[in-house]
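Two complexes follow with chain A in common, the first pairing it with chain B and the second with chain C.
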Partner chain A sequence: MSLYIFYISNFLLLLCLTASLMQSSKIINNKIFTRPGVMVLASVQLISILLSFLILIYLFLISDFNFDLVYFNSHSEKPLIYKFSGVWGNHEGSMLLWILILVLFNFLFALSKRISERFKDITVAVQSIMIFGFVAFLFFLSNPFALNQNNFFDGIGLNPILQDPLLAIHPPVLYIGYVGFSLVFSLAIAGLITKEVDQQWASIVKPWVFSAWAFLTAGIALGSFWAYYELGWGGYWFWDPVENASLMPWIAATALIHCVLILQKRNVMQSWTIILAILTFSLSLVGTFLVRSGILNSVHTFASDPGRGLFILLFIFFILVFSFSLFAYNSEKINKTSSMGLISRGTGIQVNNWLLITILTIVFLGTMYPLATDLLLNKSLTVGPRYYSTTIAPIIILFLFFMFISPRLGWTDTKLYKIIIQLRYLIITSLTITLIISLYFELFNLTEILIIFFSLLLIISSMTASINFNKQNILVRTNLGQNLAHAGFGILMMAVVCNAVYSEERIYNAKVGDNLQLQKYVFSFDKIEQVEKSNYNSLKAYFLMKKDGKLIDTFTPEIRFYSNPPTITSEASILHKFFSDIYLVMNVPQDQQSISVRMHIKPFMTILWLGTLMIIIGGIISASIRLGRFDEK
Partner chain B sequence: MTNLVKSRLIKFLLSLIIVLIAVLIIIFNLRDNIIYFYGPTELLKNSDKQGQIMRLGGLVSVDSVQNETDSIFYFSITDGDNEIEVKYEGILPNLFAEDKGVVVEGVYMNDGRFIANKVLAKHDENYMPPEVIETLKKSGKWQGE
Partner chain C sequence: MTKIIKIFLLLFLLQNNAIAEDPRAIELFKEVRCLVCQGQTIHESNAELAEDLKKLIREKISQGETDRQIKEYLVERYGDWILMTPPFNSLTYILWFLPFLIIFIGAIAIYRQKRSHA
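Presenting the complex of A and B:
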């Protein structure tokens, strides 16, 4: 039985390889390979990969340990959902998922109408070259359907830290983001080849780039949320290289979506948009390379086979060389000269583009520097999180200012003082609130005050944008997606600053019966229990949280002992309130009598996630409004 | 020089200066925030590193863990050849144990003691931080592959 599955699945991979090769040939305008058509081949690509993915899921569900991948990453006693998510909790499976999304985007794009044949052919062909590359990589270097000769009775199991419902959806969502940019890249290449990077090109690209961006944002947010409650360190962002790897394409993509909008409206910045599209996809690949190659050491590292890292590295190199030579050759022909006013919305967006690139550079240097010294000087070091916060914070102030002012400006030259007079009430309101906040919390750090002030300006300004200014010709139509996302970003920044400033932490060693104090709350250590579950045993502590003698909530932090593979994890117990989270984690160091409890008050966490959610929803709305009412004027 | 060339040249030089300043600021900030990793032997050789924030890694020496109060711990980190005494105030991770790999972050004091403010968490029992493996390889005490 296993042998048949082995043959069928490998046949499917080869089928996809052949179809992709035929599809790729359409990049040259030829008369030979007109049949089978784009749609037929795209369907073959999709169906073959979809079937092999389903087969892999089936193998995990029935725990067929004749397959290496299932043996190394699953266990018969694992709950069903983790057998399922275990499919992409490893290198080969996650690569297959990556390819599935790649062919899915390819298929969906092939479906789209009102696009010239030639342009569609080239886009699909470029996409198919990538499909070919990745399927070949999967087939030869990381085949998920490799059989083993032994009859294993049971598998090794999935890292317990990955056994979490959120992590079942985090990789697919993140991958839709990453891979979505592959289509944007293909569209950019097609634009370069046909020399048609214009307003129509921008409207074709827009829904794809926005949805990829929204998914990437959601993927990063899910990962961050998971780290917050699962790792038990009380933080949500650690400037870990793995996190940075996903942040870098996000920053580039944020610049890109704004350029696509300018291009669609004003038909300017063609070259820069193309460069950003190439950059975004390259950074997505770099992200995959960093995370999967084993260079970085983390939960994300599945396999450290140098051949695999080398392949992705070569692939990135090939893409960069190919696309930039094409760009150098054709860029003169895609640029149209047109003008924008000096003080205009376009300039504001351009400035913020540069600021984003600066932030990108900061993150890139901080992430790559330790890798470089390790490889070249054999010296191991880490870049402290302070590097990022102190370098990026001043840029964020400028960034927020331009985010606030740009949508208020017209596309042509606008008088700045007129705008400021118009916005005087808004500015006064924000100033007052900032003053109240900083006096109330005794906050006197200029950078933090400025970030809060401009965030407030941005939030209020974006939220009122739909109500005001109808008399003026500056903003005739509102754009819900844009306003929602911008307000969300303001909320996010404000929450980040407040959270960093007002977080409080207490560490206690506790025995049953102890009363522990955290601000105005008292925690009574009630009892500790042993709990047995199918895949782990745990120690569960009960803390009763009281305020003024009244019981408010019960906290149950846990320590879990997994046996397949043997691992200990701490499960935090969190009470989410609107203005602050209360967060309890416990540890039992070996050879210790009492347990250690770490308690945090984390202000503005709910608001922080709310801001992120607004950004995601804003992105989805912008993606679904096809004609992009950035501004009707 | 025509006016066009002139204005282009000015624009170019101006942006070059801005970029240079930005890069300099970034690099200086980066240098200020670098945390080096040392093994015990390496650290003893570099006594000029006292007072800096750094990471120290190795094995927790057997029978070295003591606690002064509930949350102040003393232990030694060894690479087999040399060891350094560490003082740590806080919560020890679940997987902290004698004869297991550990990485701490803190300051190497001039009395030869290491004041740690972080004991870095690990993910599973068999996991050994790669820096610690390197350290043990250097001192010839590594027994793995």
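Presenting the complex of A and C:
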């Protein structure tokens, strides 16, 4: 049985390879493969990969340990959902998922109407070259359907830290984001080849780039939320190389979506848009694969086979060389002369584009610099959170200012003082609130005060802009997505700063019966008991949270002992309130004979996630509204 | 595995009086890298070596040493690598200055482009 599955699935991969090769040949205007058409081939690509992905899911669900991948990453006693998510909790399976999304985007784009045939052919061809490359990589270097000769009775199991419902959906969401930019990249290359990077091009690209961006944002947010409650350190962002690797394409993509907007409205900045499209996709590749290669060590590293890492590096190198030489050759032809005033919306967006590039450089430097000094000078360095916060914070102040002012400026030269007079009430309100906040919390750090002030300006300004009160009935404007996302960003920044300033932490070594103090709350260590589950045993502690002697809530942090593979994890117990989270976690220090209890008060966490959610919804709204608009043409 | 858990259970019940960690020590733990972990601070780690470092820092604090003295001691013993924030020296000038250089270049470029069109 297993042998049949082995042949069928490998045949499906080869089928996709063939179809992609035929599809790729459409990049040159040839007559060899005019039949079968784009749509037929795209369907073959999709169906073959979809079937092999379903087969892999089936193999995990029935726990067929004749397959290496299932043996190494699954266990018969695992709950069903983790057998399922175990499919992409490893290198080969996640590659197959990546390819599935790649062919899905290819197929969806092939479906779209009212696009010139030549342009569509080239886009699909470029996309198919990538599909070909990755399927070849999967087939030859990381085949998920490799059989083993031994009759293993049971599998090794999935890393327990990955056994989490949120982590089951984190990779697919993140991948839709990353892979979405592959289509944007293909569209950019097609634009370069046909030399048509204009307003029409921008309106084709817009829905794709916005939805990819929204998914990437959601993917990063899910990862961050998971780290917050699962890792048990009370933080949500650690500036870990892997987090940085996902943040870099996000920053580039954020710059890109704004450029696509200007391009559509004003037909300017063609070259810069193309550069950003190429950059975003290259960084997405780095984000997925450099992480997997083992150069950056972390939970995310599945494979540290040098052959695989080399392939990815060569592939990224090939893409960069190919696209930038094409760009160098054709960029003169796509550029139109632009004229925008010095003080205009365009300038504001340009400035923020540059600030984003600066932040991108900081993240890149922070991630790569220690690697470089280690390799070249043999000197080790650690670049921790403080480097990022000190360098990025002043840039964020400028960034928030331009985010606030740019949408208020016209496309042509505007008088700045007129805008400021127009917005006087808004500025006074924000100033007052900032003053109250800083006096109330005794906050006297200028950077923090400024971030709070400009965030407030941005939030109020964006919220009032999307609703028009002057009319008889309240009118929601079409740039609702933009305003929602911008307000969300302001809320996020304010929450980040307040959280950093007002977080409080206590660590106790405690035993049953102790009373632990955290601000105005008292936690009584009530009892500790043993719990047995199918895939782990755990120590569960009960803490009663009291305020002025009154019971408010019970906290149950756990220490879990997984057996397949043997691992110990800490499960935090969190009480989410609107203004602050209370977070309890316990650890077993290896040389101490006591339980170490950590208690955090994390203000503004709910608001922080709310801001992130607004950004994601804003992105989705922008993606769908633009889609409708393009169809009207 | 169950045996280990039972032993732990027993130990916790035997322990006495809750001891709170010194907030100053916590701040220092967050600045010191765990030597055997992957980019974690000793604050976030339960590794044996991290616990040893924590003990060392607690002792130094009780001996009345300043944060700066403790950090200098750690750097002397383990190198710059041990601190989460890179120091400011010839090795890290690029790291600290490049971002500001980039902003500066961008500001000039955008201003000049606008001027030439205006």
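Keep in mind that, in the parts below, the second predicted complex is superposed on the first by the 604 of 633 C-alpha atoms of A that agree within 3 Å, B and C clash if a C-alpha of one lies under 4 Å from a C-alpha of the other, contacts with A are read in each partner's own complex, and residues count from 1 in each chain.
Simple rule for what comes next: a contact is a pair of C-beta atoms (placed from the backbone, for glycine too) under 8 Å apart; a residue touches a chain by one contact, two chains touch by 3 or more.
The structure displayed is predicted, hence computed values, not measured ones.
Visitor: Now for A:Thr347: first (chain B), second (chain C), both, or neither, which partner does it touch?
Guide: second
Visitor: Quick check on the superposed pair: does A:Leu377 touch chain B, chain C, both, or neither? Answer first, second, both or neither.
Guide: second
Visitor: So, does A:Asp240 touch the first partner chain B, the second partner chain C, both, or neither?
Guide: Touch partner of A:Asp240: chain C, not chain B.
Visitor: Would you sort A:Ser563 into first (chain B), second (chain C), both or neither based on which partner it touches?
Guide: It touches chain C, and chain B stays clear.
Visitor: In the superposed model, which partner reaches more residues of chain A, chain B or chain C?
Guide: C
Visitor: Quick one: classify A:Asp548 as touching chain B (first), chain C (second), both or neither.
Guide: The answer is neither, since A:Asp548 touches no partner chain.
Visitor: I'd like to know which partner A:Asn515 touches here: chain B for first, chain C for second, both or neither.
Guide: Only chain C; A:Asn515 stays clear of chain B.
Visitor: When the two structures are overlaid on chain A, which partner does A:Glu117 contact: first (chain B), second (chain C), both, or neither?
Guide: Neither: A:Glu117 stays clear of chain B and chain C.
Visitor: For A:Ile507, is the partner it touches chain B (first), chain C (second), both, or none of the two (neither)?
Guide: So A:Ile507 meets both chain B and chain C here.
Visitor: Output check: A:Asn159 vs chain B and chain C. Expected answer is one of first, second, both, neither. What do you get?
Guide: After superposing on A, A:Asn159 lies in contact with chain B but is clear of chain C.
Visitor: Which residues would you name on chain A as touching chain B in one complex and chain C in the other?
Guide: 231, 233, 297, 358, 361-362, 365-366, 369, 379-384, 386-387, 391, 507-509, 559, 566, 587-592, 594
Visitor: Can you check the complex and tell me which residues of chain A touch chain B?
Guide: Residues in contact with chain B: 159, 161, 231-233, 297, 299, 358, 361-362, 365-366, 369, 379-384, 386-387, 390-391, 507-509, 559, 565-570, 587-592, 594, 596, 598.
Visitor: Going by the contact rule at the top, pick out the chain C residues touching chain A in the complex.
Guide: Interface residues on chain C, with respect to chain A: 1-2, 4-6, 8-9, 11-21, 23, 26, 31, 33, 38-39, 41, 43-44, 46-48, 51-52, 79-86, 91-92, 94-96, 98-99, 102-103, 106-107, 109-111, 114-115, 117-118.
Visitor: Using the touch rule from the top, collect the residues of chain A that touch chain C in their complex.
Guide: Contacts found on chain A: 231, 233, 238, 240-241, 297-298, 338-342, 347, 350-351, 354-355, 357-358, 361-362, 365-366, 369, 373, 377, 379-387, 391, 395, 413, 505-512, 514-517, 525, 528, 530, 537, 539, 559, 561, 563, 566, 587-595.
Visitor: Per the contact definition, I'd like the list of chain B residues that touch chain A in the complex.
Guide: 22-23, 25-27, 29-30, 32-37, 53, 55, 65, 70-71, 90-98, 121, 123-126, 129-131, 134
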